[in-house]
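Structures are listed in the sections that come next.
Two complexes follow with chain A in common, the first pairing it with chain B and the second with chain C.
What follows is the complex of A and B.
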């Protein structure tokens, strides 16, 4: 019975359709797989961005570590101890010339003396300043000698590296004879450094003499006419004494300095992350520290957000809660339209119009109470910040308006029913209910601003230095350089594969990570504090 | 006679009401300040740029500005008269007046001639990258909206799209440089620019397409499936045709973004100056592997690399005007069409 069953053909369906199969997939499956493949593209692109930024950028850290090693072995680090000492002295003389300027303006403006007489009155002060300044001269000449020596050692090492590379290339091409002909002289750092280190006793001698001479000049300091200036003179004396007291520490650092001490591996990373100098194509030593660029980006973004958040959120509240339907219909597309202005056009507007206009505004006399006004740099943090605010406002406005829109009607109605006014409802009910959305809107606006390139490249002033925060709020009138700007500016000029090139990719990596972080936090806030309607 | 009785429910001026009105005026001021700033930027560039693009006599449009390549501008005095000439005209002038050969002249690069090659380059970049982005983006949106069921994978894809939207454009530029220009060895080329821009604009296209697909009512799909159509037939005949207008209009906003970005093409596709037009190639294959001039990059070059004065201002404002006009028209048509569509399709 069972046998006959198994041999019988399976019952046919009333309607049967043969399906074409490709690799075991029906046509519909194939189509689905095709669309699915397209959906994966977003993931693939993100992965590829990560891979290629790492591929070009990671080499930076080995190259940087190598560069730091040469910096030590060729004695550049040794010379920089002395350079720091001399630079500190220069800072003191700058303080002194600032003092002279104050005295001079006091004489010309309050006492109304003509220029020649004012200069004559300052003759004793000038003599003192000259003595003060010239104490460092012997050290400075020693420094320039040492600089030359160290540079020579470094150059020798680099030439050797180039020759090695040449030989490697020749060997790769199979030209053994030519490769053998390339003369390579291994750099003997110990031997090369000997004359450099031999100057230590002379330096010690000179250093003590320098300290004594400096203190001796202080005794001959002229008496200041005004109490305010006398305080400053006292400050200078105090600073100078502290400086002289610090001189033996430099000697100690030089004595204990050892060129064979290895550079720890984390130095290559920390000198990038915490480096306070971005200095390239220098004859002495290149530094790739991201801090000045990071601070520049941060300052510009802060200024932009300070301007954009009140405007964007205020406009969103107005459009969503206060405005008439007709106003809404007209204004909403207009603000969206602003977001379509290309950033390079805004940058051009900043160079051509806004920079000058803001500077002219800063020189209006009744505005001089504002911090930093008047200023002379046309392109600075403020100019770039104002334009970036215009970029951030539409983003913040659109997203914040969406968030306000998502507050359930019942909230508003309940509030009105309890007798609250419109303003009370907005401030106490609607805005708190949509706060998570508003915050994430601000964060996404920040993401937009940090990643913006053309405006900061054209309008931020492009001076690679940490702005002077001692100036207080007027720091916003100083020029800076930014992470996005430096990539756009220097990428076109660098040699492929060089340390500078790789450093720019690492800056790109930092930007990429930053944008992902901002996105992640913004989404997290929305998810965590989403209002439950129930 | 007593004063007319005040109605019991008529609103009385009081402190709370006054502060409410003050607060609303602040909000209103913020809104209109934003609009005024936007208008200020538009107005300045339109007003100053119009001088280059339009002229008083017929045909009222400065045609050479749209049909010539950028040239250096020479300014010189000859026989007591002041002349301003482009490169070519100056050479012809010297041949005509041999005495002028040694005349002293001031010169400014890119300040004469027109911006024809830049317009061509921008159009090519936009067309190519939008084609790639639309194909990838629409297909991805179809998968996300029609096929996918909620799960870990789909959440991951959506997260990736969101994150991709936040990546700075300069990072896309670096990525395109590292991958297409160097690793693939395409050099600075149209193809590298296309892919870089396409990946940049992909999230915009996917989001826009998904929204349009979502707007097609479920009944359309169910009706088709109930009649025995396969999934693919349903999508092809009953979903995509109704979503397509929406997809295209929303994607126009993507076009504005592609046309407006400078940072991604700086190292991947844009040349500062190029004599040949893109179709002057020896082999057809070379077409894809050549760099082009582009409007946004040209604005960057003329605003940062040459000094600001009366002579250079014309080309600076003129280029910015044309560029802004193009992008504004694209964006405006997108916004208007979208509003129009919203009111038209009521299912």
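What follows is the complex of A and C.
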């Protein structure tokens, strides 16, 4: 070879060669285009989904603004002032019945009275409670009249809206004659509201009478037998006086109420973000407040994390630092296998087994000291949280184990060489050194839990209400509804393009933003606190 | 081979102070704190066979390490010198499947492989510096006080004193005294290694094991560590594993040459390097193999 080179003319250094070309691209270019194309598809899909979510979701706010305007113009808002007053009275009545229940329990359990005697002993109390409750009756009947009137106005407005839509469609189809034939009666809010507003003097009169009557009943309050109950009765009197003192404020609100006052634009957003009611398909007014759903998701996630973090991190520490090779080979696949269980199966298990078992457990008498025990709702935050914990454990375990694995062996050896025990080494060196990884593992576990749908839909109880936090820790035994659950449950039933439909999209957007935030924070933590290894 | 006068004066005192694990530990904060006089055999290895799983790493090692001397282990890679070093504070226990099949390692006459030996106590008395500097991802101060805090010492004044003493002892004080609260990982390689030495001497061990402490350092940092070893021999018994024969020649009193898991020759360093008794030793130290 070297001989031929030395004799012949020197060959070109790089031999030129025809390359295979596909559509004018070389093979290398084709391969590059193939892989690049896959990446582009991912980006395009993400962009499309985001655009779709935003387009469908943001329309909600204009519709919500419109809905709030009608709420005001049709006088529903006006009537709701009175309704709130009546509802507050109902709350006081509830307090009173709670008091009766306590007294009744005291009589039957501590004094061992038979039921009839106990009821008889409470006769004066019941008479008082009846008087207390009936004071509001005149107002209540006024309220139901007003409710009917306001509903009628709203219905009229909606019918007009439907007719307008009909005409618009006919025009779009070019049927001008038919369109002209559609009778449209513009709603005259001012005129319609007149009879409604005319009831104000009557209301004022009734309201003052109501306040006087309520205070008068208080004087006839029965004397409570036990000091603890007397304190409660005192509290009731105090609450009632405060309530009566607040009555003129309602009158004032009604006097100054003006249906023409415009709804500020931010109301459409704030009534969603801070709204405490998610009420749909109501005859009165639909409310799309995300707070009950958000709190439901949050509570379920917190319970899940409280259970899953010790389990997942603990198992990771055990596997990484303590377990023998044999134990590792058994335990690791087991934990990772949990994530292979379909969540609908877990949910099914939750309904059929776990919810039942937990409720039975809560009714065991010697466990009654536990907060919230015993409880009767089989499906609640606790049930869903336990199952979600099961879903989060593999994520947390795997990522935390990775983080622990990344701690250089040298740290461990140095610690042992200084006379540290295994526990001291874990607590003082290994865990602090991998803390950032463990925290991000927990956050990603949280992301997993927040986005989980099937289990919460099946097991969280699906009651759309903010749980009663005054119950303390036992709040976890109450049912809730979640953001993921509501979308899954209601999306199938809503009319496309309706306000309800769009509200669900906004809930989806909130979930999307939440997941993004969690992932972003988790990555940030890892990046910021990544230990540089000597 | 000059024996420090203070050590020779108490040649007969406190010989049995090192007793594991039941007898109370002698106060480590006593001046010197070290019981064995210089020149006396502190570590006695006899007929040691050591296995990784089924492969034998050490064959019938017999060796006496003298107190307050620097003993160097040399030999080609894989000859078992690091394994033997790690046997002395039972660091090999951390590796699955290792075992001492035969023989004993006695420190102060106590066999450290007896089941009733408190390994944690042993490691407090036999400190270690690793090949790669491995300060904890904590502050310099926290690094030094780690061992003492493990023992339950939380007195700030005492800890401050120990930190200064240890850093001075490791010739690092002047370089870091203004930034004790900054991370130990922010130091240069040589400083990190001296920090590790300071961390090891902070708990006042009797023996310091050094596993190729300079192999990752540049010549200037190496010189500093070697200088440090010369100072530390006054107070500690030092066992150093090294690949660098000049280093062994420069800073050790006695040298052991290992080859294929066997101790080939153990003698005064001067003899090993100028007049080796064994042909293999001569071949190795003169650079013909290894």
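Things to note:
As a working rule, the second predicted complex is superposed on the first by the 508 of 534 C-alpha atoms of A that agree within 3 Å, B and C clash if a C-alpha of one lies under 4 Å from a C-alpha of the other, contacts with A are read in each partner's own complex, and residues count from 1 in each chain.
Keep in mind that, in the parts below, a contact is a pair of C-beta atoms (placed from the backbone, for glycine too) under 8 Å apart; a residue touches a chain by one contact, two chains touch by 3 or more.
The structure displayed is predicted, hence computed values, not measured ones.
In the superposition on chain A, A:496 makes contact with chain B only, while chain C stays out of contact range. When the two complexes are overlaid on their common chain A, residue A:429 makes contact with chain C while staying clear of chain B.
Shared-chain residue A:290: touches no atom of chain B or chain C.
In the superposed model, A:344 makes contact with chain B only, not with chain C. When the two complexes are overlaid on their common chain A, residue A:107 makes contact with neither chain B nor chain C. In the superposition on chain A, contact of A:418 is made with chain C only, not with chain B. Touch criterion not met for A:196: it reaches neither chain B nor chain C.
More residues of chain A are in touch with B than with the other of chain B and chain C. When both complexes are aligned on chain A by C-alpha atoms, chain A residues 421 touch chain B in the first and chain C in the second.
For chain A in complex with chain B, the residues that touch the partner chain are 27-28, 31-32, 34-36, 38-43, 45-46, 48-49, 52-53, 55-56, 310-312, 314-315, 317-319, 322-323, 331, 333-338, 340-349, 351-353, 390, 393, 397, 421-423, 444, 447, 450-454, 457-458, 484, 487-488, 491-492, 496, 504-505, 508, 511-512, 515-516, 518-520, 523.
Chain B makes touch with chain A in their complex at residues 16-17, 19-20, 23-24, 26-28, 30-31, 33-35, 37-38, 41-42, 44-45, 136, 139-140, 142-144, 146-148, 156-157, 159-164, 166-175, 177-179, 182-183, 199, 202-203, 206, 230-232, 253, 256, 259-263, 266-267, 296-297, 299-300, 303-304, 308, 313, 316-317, 320, 323-324, 327-328, 330-332, 335-336, 339. Chain A contributes residues 324-325, 408, 410-421, 424, 428-429, 432-433, 531-532, 534 to its touches with chain C in the complex. Those residues of chain C lying in contact with chain A across their complex are 89, 91, 94, 96, 120-121, 123-124, 127-128, 130, 132-138, 146-147, 150-151, 185, 192, 196, 199-200, 203.
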